[in-house]
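Here come two complexes built around subunit A, the first alongside subunit B, the second alongside subunit C.
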Partner chain A sequence: MPIITVEHLSKHFKVYRRRTGFWGNLSSTVSRKHDIIKAVDDVNFSLERGELVGYIGANGAGKSTTIKMLTGILVPTSGHIDVMGLTPYRQRKENTRRIGVVFGQRTQLWWDLPVIDSFELLKHIYEIPQNLYKQNLEFFSEMLQLQPFLSTPVRRLSLGQRMRCDLTAALLHNPEILYLDEPTIGLDVVAKEQVRQFLRQVNAERQVTVILTTHDLNDVEKVCQRLIIIDNGKIIYDGGIDDLKKRYGKTRMLIVDLAQAYSDIQLEGVDLTRRDGNRIWLAFDRDTISASEVIAQLTARYEIQDLTISEPEIEEIVRRIYELGVH
Partner chain B sequence: MKKYLTFTLKAFQRTLTYRFELWMELFINVLFMLVYVYLWKALYTGRTSVEGYDLNGILTYIVVSQTLLTFTFTLRISRIIEEKVRTGEVVTDLMKPIDFQLMTLATAAGTSSHTALFNMLPKFLLFYGAFGLSLPPSPLTVFLFFISVVLGYIILFSIEFIIGIFAFWLVEIRGLYAFVIWGLAMLFSGYFLPLEFYPDFLAKIAVVLPFRAIIYFPTAIYTGQLIGESLVTALLIQLTWVAVLVGIGRLAYRAAFRKLVIQGG
Partner chain C sequence: MVRRYIKLYFLLAGAYVRSRLQYRLSFGLMCFGIVISEICLLGLLGALLAKFRTVNGWTWAEVVFLYGLGNLAYSFMRILGSQLDDFDRYIIRGELDGVLIKPVPPLFYILANRVELIHVSRALTSVAIFVVAFHLSGIRWTLDVALFTLTTILSGTLIMFTLMLISATVALWTTKSGKLTDLLISATKEATAFPISIYPLAVRLLLTFVLPVAFVTYYPAQQLLQKGEFLGMPELFQFGAPVVALVMLCVSYLFWCSGLRRYHSTGS
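And then the complex of A and B:
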């Protein structure tokens, strides 16, 4: 029995061309001139309890819109969502009791209150029994080292500290599902690693189902077992990360240091994906052209100082999927 | 229920941190009230009674109504809702197992309790002592006065809540707010003058609007203008408005939620 089932889910935004001023507002509300944006377009997937899924896609792909519908704050244009037997936007309050949400760009803590006061407030809002609250607070402050700033007002926290507090806030009431929309945005390498480690542990020890969106594919690679890629509102990949590598990872990357910065680089069967001064990155499909053929081409035309071949990174695979689609 | 009281408490505590602003506000209020009181004193020279109010009666009316008016200009609920909608913060509220309307009321009550305690009460006592105002006719009237104040407050809150909800449709609600609160409410709530002083046609309009239930009713109960049956009727009218406006607020909020489109993210 899946914990989340999404069927033919769509969200279309009508974008009105707004006029300004009081009467302008009124008349644009009445007038029917609008464009339609298909933010989420016939999406289907389901999650089993305890899964840890990465939900990725380029800017504007529809990730946040999907999360908002799953959490019940956005009403779908059409389709069905079943979360633990509830329809989130119809049974919003009941749904919110059983989920935790973190929006990386926004805090759910009270801006001018000390962190611990926000936690206390949440205790009352979610009606968390005192002993459970104490136990969870201890657990999370230990794990995320919150002690030093528990009595600091939220507005004075650094982004990384705030994120740790927000993660705690989202989990104090023992939710069954945790939704994270860009939880690592703006964090430094160490803080990111800490969040990832935390998510793995929460998922493993507390059986919390986690769905997270991100632009940092290291998050996905290090944390998730499964990956869903959305593009222009449509799901274009849903499966394991290893599968993705197997299917789309036939590409090899050749990094070459040229003797000089040639202005025009022409090679057959090879994709110039990046260049930085004298260094170029060449991607090629090992089924259609071998590495030695590529190198032969190169040495025939240009003077080379150094080169390395690398296995494709998930980042590279996904970049190509965003650019070229699935094939 | 307890979780809503927590909101009240926290809002109360939070207001404590804006002490300087509150002192400034109090200072300005007192100046305005002084001007107002002296204006009425001047108007009453050579008269003993107008429309059933003697000088002491009218001064009591002015001071009580001016004090109650403080709620109107410190509430700011529609602004807070507008801000929440504009910044998308409303999302965080909707993401919690709480009733948005009750939570907003609980929060407002926290801020307003602070206002009542640290602004309205001292202001009132100051004028009460300085001008020898009268007290309500009986302890029972004192009690009913407070009931009426609370009902009036909920009516004011509900009106502001409904205005705030319009932020889900309109980008800007300042015009609407100014029209309803600074226009209609000021004119028909009875803060400016006792409604007995109004020309007939204005008085007739005031009767069908909810605004007189905000300030005029509690004040007139205090001064003893409303007694016996008319007092009971006033309370019943207030209760009716509470039910109607809270109801409209809920419906408006439901409709707003359905059409909710959250910006950014």
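And then the complex of A and C:
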């Protein structure tokens, strides 16, 4: 039994040609002149309990919109969502008790109050029994080292500290699913690592199902077992990360330092993906052309100072998928 | 269940008050300002009435009573519903997202979340004004009168609140509603202060059937002051306030719910 099932899910936004001011807004609402944006377009997937899934896509691909429908914030234009047997926007209250949500861009904590006050308020809002609350608070403050700033007002926390508090806030009521929309945005390397470590642990020890969106593919590589890629509202990849590498990682990258900046570079069976001064990046498919053939071509035509061949990085694979689509 | 919500209301309201506590001086000044302006308004009304003696056959004591009653409903409504004043910011900034992921009714959460204490100072002033107005009006104080007055105040508060809720909900379609809310609220407050007999028929119908603020003061006052001035409307209207309040509550809540389903959040 999947914990989340999404079938033919779509969300279309009507975007009215903007006019300013109240009457402008009203008249453009009434006049119904609009464009339709298919933010999410016929999306299907399902998640098993305990999965840890990365949901990625370029800016505006539809990640946040999907999360908002899953959490019950937005009503879908069409399609079905089943989360633990509930339809999130219809059974919103029951659904919210069983999920945790973190928006990396916006804190859910009380801005001017000490961190601990927010936790206390959430205890009442979610009706968390006192002993469970104490137990969880201890668990999370130990794991995320919250103790030093529990009585600091949220507005004075650093981004990393705030994110740790937001994670705690989302998990105090023992949710079965945790939705994270860009939980590592703006964090430094160490803080990011801490968040990743935390998510792995929460997933492993508490069997929390986790969906996270991100632009940092290290998050995905280090945290997730499964990857869903959305592009222009449509899912273009859904599967394991190793599979992705196997399927799309046939491309090797040859990084070459030329002796001079040649104005046009022409090679067969090779893509020039980047150039920076004398350095060029050449992508080629190892099934159609071998590295030695590429190098032979190069040395025949240009003067070379140095070269390295790199294994495909997930980052590079995904960048190519964003740019060129799947094939 | 009810206890849980009452407790939650005070916890959330308390949290907001505590976060505002650091601006103690401006809080004090604002309370002071509100009290002064309330008294000035009443003084102005008194001076005007003293000059004309009667308004359309209403003595000045009766008009002051009307004003006091309307003002009381208004000030209670402000405590209950002022959080809807700038409801559009929940939409413009997508803050409604955070409300919708909590296991409480969104409207309850919004109403509980940003209760401004300064409105309490206005309410206290209004109570004082009403007590004086009640005394001046010469109404005999019996249990029936007391119950009727309380019901009237409660219904009036709810009627004004529902108008506030409806105008705030408009923001779910138009994104902005702040100005509409301000306009509607000040207009309704003015409309409760005078007998509606001073207005032309069209306005009277509007204030009875569309924005039913005539049920906040005018019709109940017919009963309390024994005026018997119905302007061709059924006499039953003097007892109509609770019914109107209930109907308005249902209508505005349904409108609110349909608005929520329209909520589009923001594109990050």
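FYI, the second predicted complex is superposed on the first by the 327 of 327 C-alpha atoms of A that agree within 3 Å, B and C clash if a C-alpha of one lies under 4 Å from a C-alpha of the other, contacts with A are read in each partner's own complex, and residues count from 1 in each chain.
The criterion applied here is as follows: a contact is a pair of C-beta atoms (placed from the backbone, for glycine too) under 8 Å apart; a residue touches a chain by one contact, two chains touch by 3 or more.
As the structure is a prediction and not an experimental result, all values here were calculated from the model.
Upon superposition of the two complexes on subunit A, a steric clash is found between subunit B and subunit C.
By the touch criterion stated above, A:Ile255 is placed in contact with neither subunit B nor subunit C. By the touch criterion stated above, A:Thr71 is placed in contact with subunit B and with subunit C alike. Applying the stated contact rule after C-alpha superposition, one finds that A:Ile289 touches neither subunit B nor subunit C.
In the superposition on chain A, contact of A:Leu121 is made with both subunit B and subunit C. Of the two partner chains placed by superposition, A:Leu150 touches none, neither subunit B nor subunit C.
Touch criterion met: A:Gly60 reaches subunit C, while subunit B stays clear of it.
The contact surfaces that subunit B and subunit C form on subunit A in the two complexes overlap at residues 13, 21-22, 25-26, 29, 64, 68, 71-75, 92-94, 96-97, 101, 103, 105-106, 108, 110, 112-113, 117, 121, 124-127.
Taken in their complex, subunit A has these residues touching subunit C: 13, 21-22, 25-26, 29, 39, 60, 64, 68, 71-75, 89, 92-94, 96-97, 99, 101, 103, 105-106, 108, 110-113, 117, 121, 124-127. Of all residues in subunit C, only 4, 7-8, 11-12, 15, 18-20, 22, 94-98, 100-105, 173-177, 179-180, 261, 263-265, 267-268 touch subunit A in the complex they form.
Contact residues of subunit A toward subunit B in the complex are 13, 18, 20-22, 25-26, 29, 64, 68, 71-75, 92-94, 96-97, 101, 103, 105-108, 110, 112-113, 117, 120-121, 124-127, 181.
On the side of subunit B, the complex with subunit A involves touching residues 2-3, 6-7, 10, 14, 17, 88-89, 91-92, 94-99, 169-172, 175-176, 258, 260-262, 264-265.
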